[in-house]
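Please see the structure below; I have some questions.
Per-chain residue numbering starts at 1, and chain names A, B and C are given in the order in which the chains are listed.
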Amino acid sequence: MTTQAVPAGNAASDPATAAARATAAILSDTLHGRERGVVVDSPPGAGKSTLVVRAALELAEAGRPLMIVAQTNAQVDDLVLRLAEKSPQLPVGRLHSSDADPYDKALDDLPNVRKSAKAADLAGLAVVVSTAAKWAHVKVDEPWRHAIVDEAYQMRSDSLLAVAGLFERALFVGDPGQLDPFAIVGSEQWAGLSYDPSASAVSTLLAHNPGLPQHRLPVSWRLPASAAPLVSDAFYPYTPFRSGTAHDDRRLTFAVPSDGSGPDRVIDEAAGSGWGLLELPARHTPRTDPEAVGAVAAVVGRLLDRGGAAVSERSSDPVPLTADRIAVGTAHRDQAAAVRAALAGLGVADVTVDTANRLQGREFDVTVVLHPLSGRPDATAFHLETGRLCVLASRHRHACIVVCRAGVSELLDDYPSTEPVQLGTVVKFPDGWEAMMSTWDHWSGHRVPWRP
Amino acid sequence: MDKGALASALGAPSAFGQSQFAFVRGNAFEARVKADGGAELLRLVHERLDPGAAPPADARVPELTATGPRGRAARTELALGEASAAGAWTLLDHPMLALDVAGSPAFLEPDAVVVHPDGSWTVVEIKSFPMLDGSADPAKVGAAARQAAVYVLALEELAARLDPVPPVRHRALLVCPKDFSNLPTASAVDVRKQRAVTSRQLARLTRIEEIADALPEGVCFAPDLPAEELTAAVESVPAAYAPECLSACELAFHCRARSRADGAVTALGRPVRAELGGLTTVADVLAAARGETGDPADPAVAALRRAAALRAEALEAACR
Amino acid sequence: MSLISTLARLEAVHTGRAQPAATVRHRHLSERPLVLVPLTTAGEAGAPLGALVGTDRDAPHLLVVEQPRDRDLRFAFLAELADVVLPYIDACAGAVETAERTETDPETGKRVKVEVDLCADAAQLIVPSRAGIDFVRLLGRSMRFRRTAEQDPEAPHPAPPRVPLLGRWLTHYGERARVPGSSLLLAMTDVLGRHWATGQSTLEDQHLGALLAWIDPPEGMSGAEAALRAELERDAGGQLLCPPAGPATDPAFDNKLLAPAIERYDRARSALAAAEDGADADERLAALTAAEREIRALVDSRTRPTWDAVWRGLDLLRALPEGARVEERWTRDRWSFTGHRDRVLAGEPPQPRRDDAVTAANKLATREREQARLEAQEALDDPLVMAGRRLAGEAFAGEVTDVVMAYGEGRRPAPRPLVTVRTDDRPQLGERAKVYRSLGGRPQAAEFVGYEEDGSCVVLRIVDKMGRGKEPEAGSVPEKGDRVCFTLFEHEQRGGAKLPDPEQTPWTHGGPPGEAVPEAADPLTEEDLL
């Protein structure tokens, strides 16, 4: 479907060189550029957090007071922990809300991290980190010299409007392929306006400042060579990226051989090819389809029982595939709850089970995904949202197993894409229907049919 | 096939038809946009899509009349090839394009196709709904974009036969009346998404032939047949009625009557099914909710019973 | 759609009658609303054909544009509409009471209480359907930039001042209608659809006649039969017995009745213009008057059934008791009404064609807050709405089975009683989740402690609204045997962060907009007309 050639960085160079070159250019623009903003697109696992921490440290080193804006408290705490890990001496402020338990208790163990609900208490610290929501209540006489806005594609334009007065210039970092921000009421009347308050912060920023330098991290260090091409083609058709590792850099093996069951066969398929599709018989079901939920749990159980081990560029010795290296992703919270209950029933603990929204930014060795369209009699915009499927299909380092009922392509045929079009808006790629179709086509090549 | 006549013959006439006011205005607007050899239309294409090119003056408007759709399509192909080779602004007024749909050609007639001096082609859609302060009804723009995407695909099929292959632009021009006036204004519409989707749908449409093959032999939809025979014929074609059909298809009232008679829950809207699992009829759902049928271990049945109990409790509380 | 409303619709199919979707009325209804039933010309943007409008159900004003493409007739229609609507608005704008509002003192920057006027009631506008609301917006947009002779003595077709003024009010009403829970401008189909579930789809509920047929079918008919009749039945001349609620008309009406009548009118008008002497003119004037009367009768025949339907809908809605928190939301509508009145009085210019960045963001924030408020308030006012929230795991109800007194930590231990609630609901409670119940109309918060007895009992710790003493105030802690209902959602909405003033718009959003330029009027060109 690509009809417009987009330069994909210097494809000839090796990934590490390409990534290092991109990072150097970003840091140079951030520290020495003349523009007020720098935008960085980061596909899944391309080293966004590493970049944010590195840019923060270099700005602090250069003596520029820095504020960091993240979208959730978990992201803020994670950034503070990473900063302290890289540079334990750096004085960091954690601005938090006045609710109960406003921050991760682990921060209490860091001597150079000061926590407060008042910005004034944190004045003069090299770096101050908080959520966009909290920053919106801060008033300053003198703006910060520099800001880093993390997960900028998940931030709404109105949220940026509330905080942009706090800084002179900023580095905006984010993943354009993940879930878009949304409003709980209609906002069509502003569609097509450059500052549509419900649009993403980046689209407003670029509409008003089209000349800002835009960079792209070109290499995913997370996604294996088996996954990067599909995720790139399906979800980033005009901004491709590649895997930082080659096919034989990563290997997933199991000590216990297959018992010939569906879960074992799909595990072996995924271990060999990076993808597996466990297909249950077609049937319309409610969201918490007991058979599909049971199949997900069975796959997770067998992943653990069969003594999995992962070899990767990180370690030539096989690393055991433990529960904390496995995640289950679903579209809805009640599905996640049902999978948790099923896993508890199997005696499995410590496997992360969550919705796409909450898995954003996380990384695992193996993921098991309950396909958003599994068993559905209808396909709504929610289920066709590309960001949701993109998150679910891009959390793994080794293999991803999709569990789904048959009939997805027939369902998609019945729900042709009929999206309304707002004049003047920049078209966001890809189309949900098209991405669903293309991923489904690919996964169908790794299909293991199974009747639970 | 005339679905409107068919619907009336089936005894379920639809509310379709066009007001002559809208019809007259639509035609007058298109004529105005294309007046003077398309000067205004070409000005808009130049301004919105290709401001770098030389402004259009004395654009060519080739004659495209020919006998039958095939003849017109051949004439269009010739004119497009000539225009691209000439490298001059050219307006093709109501060209005829052929698109391969499941092995047989479908003939399409866009409002206009413009050839740029660089030899590239742009699809132009002229609509009579207004652009008010720069925005227009998104559902209507979406429909226009999907329509334009089909023309883009047909043009690409055609272009591939030429040498060199002229590029088909993926931004179509939508021309509409401005605000409350009858003056044209235009907006570029990026149709890459719709093009990708349509292209995939066409690739999957090999199924049409399968559907045609699956039809019982001798099925015929002629409106002068007796109603029972017609109904039987229409029934033999699988169709999934949903309320959205009412605004799109002349046969919708007929399908709705069938759907209601069958007690299909989707007659109330497709989202209704979302939480009902395998239950598809009103009677089945109500029986399951009342505890008369259904397996309580089925989460759909369990949820229905909880919903029914909560609803009954609330209504009772309100009566008290 | 929640399973509870799905069930209600299926019950409606089964019984042949609409079923309750609410047990109280969730929208304010004025004692004396203004009903507007507009019609428009197909294919034109903003060419009204006529309207029935007024506050007296037995005596509506019939306004007609005999030739919708004639600009003078169109403008005369708008002026007539202003003559009916503005006095109604003015009557409300003129009656005020004193209210308190917190404002920021411009000198000290402190929040201070000030006394201000609040209109004792606001004008309420009711249209038949959602398309009617869009049409109100369109009329507002087409009128508010019109120039008066005073503003621009050179302007061709100057508008009387009340026309742009009505445009501003209609624009305000159109914008306010986008605020969830507002009742300033209501579409009858929306309000009826909020309170009853029919045996048809929400799409078909947009047909006012069919919707009413399900709710209140005529004697001896099922809702389904009556709705089908309302949708499709035509007279011998091919005209719908129940014409569409507008503003769009039925094509069959346009083609068979309206177009010939307009043609006769046009002919009569040219004939009159060409009249050569007085006697001739008298005769031709009579012909023109007859042609006018014919079109008026046609417009009346298409709007009157809808007019009656709207009032029938009002009767049905008035029979429902008003929800406890509806009055509070109506007060917000009155503030909105008063605010617009004050802006008009202060001589502010009409609303711009497009919002600036800050205004757009503020409007979105308000609407999101009002949406959350509406969802919470409707659930608290109506057990049937709460049932939906309970089914979704967002609330739970049950009986208190145990209360254990406990105290918080700290120097002055405050009461933190542990309350056990037995419930059949399945709330999705996370660790230390906050829950709320309504205590005398105010929210009382509690914290989720854990489950007991295989999950059928929820243990909560009450954390506020128990007074300042060591012992909780009487009635502030539930007692064993009490029926309680806790929600996982908050009952009241916090205000959001303050956005910068428009003059302080940051560089990311295009910077300050600069000096405000008055919006230009829409140019009048000959091309407006065909």
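Heads up, the rule we're going with is that a residue touches a chain if its C-beta (ideal position, glycine included) is under 8 Å from a C-beta of that chain, and two chains touch if they have at least 3 such contacts.
Owing to the predicted nature of the structure, the values given are computational and were not obtained by experimental measurement.
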| item | value |
| --- | --- |
| Farthest-lying chain, centroid of Cα atoms versus that of chain C | A |
| Most heavily contacting chain pair (counted by C-beta pairs in contact) | B-C |
| Chain A-chain B separation of Cα centroids, rounded to whole Å | 35 |
| Euclidean distance of C-alpha centroids - chain A vs chain C, Å | 39 |
| Separation of mean Cα positions, chain C and chain B [Å, integer] | 32 |
| Contacts with 2+ other chains: residues of chain C | 354 |
| Set of chain B residues in contact with two or more other chains | 271, 274-276, 303 |
| Residues of chain A engaged with two or more neighbouring chains | none |
| List of chain A residues in touch with chain B within their complex | 1, 3-4, 188, 191-192, 283-290, 375-378, 380, 409, 413-414, 416-424, 427, 429-431, 433-434, 437-438 |
| Chain B-touching residues of chain C, taken from the complex the two chains share | 1-4, 6-11, 13-14, 20, 23-24, 41-46, 138, 141-142, 199-204, 224, 231-232, 240, 249-252, 254-255, 259, 353-354, 382-384, 386-388, 390-391, 522-523, 525, 527-530 |
| Touching residues on chain C, where the partner in the complex is chain A | 178, 180, 354-355, 357-358, 360-361, 363-365, 367-368, 371-372, 393, 428, 432, 496-497, 499-500, 504-511 |
| Footprint of chain C on chain B - complex, ascending | 13, 15-26, 28, 32, 128-130, 132-133, 177, 179-183, 243-244, 246-247, 253, 260, 263, 265, 267-269, 271-272, 274-276, 282-283, 285-286, 289, 303-304, 306-308, 310-311, 313-315, 317-318 |
| Chain C-facing residues of chain A, complex | 36-37, 100-101, 133, 136-137, 157-158, 160-162, 164-165, 183-187, 189-190, 193-198, 201, 204-205, 208-209, 333-334, 337 |
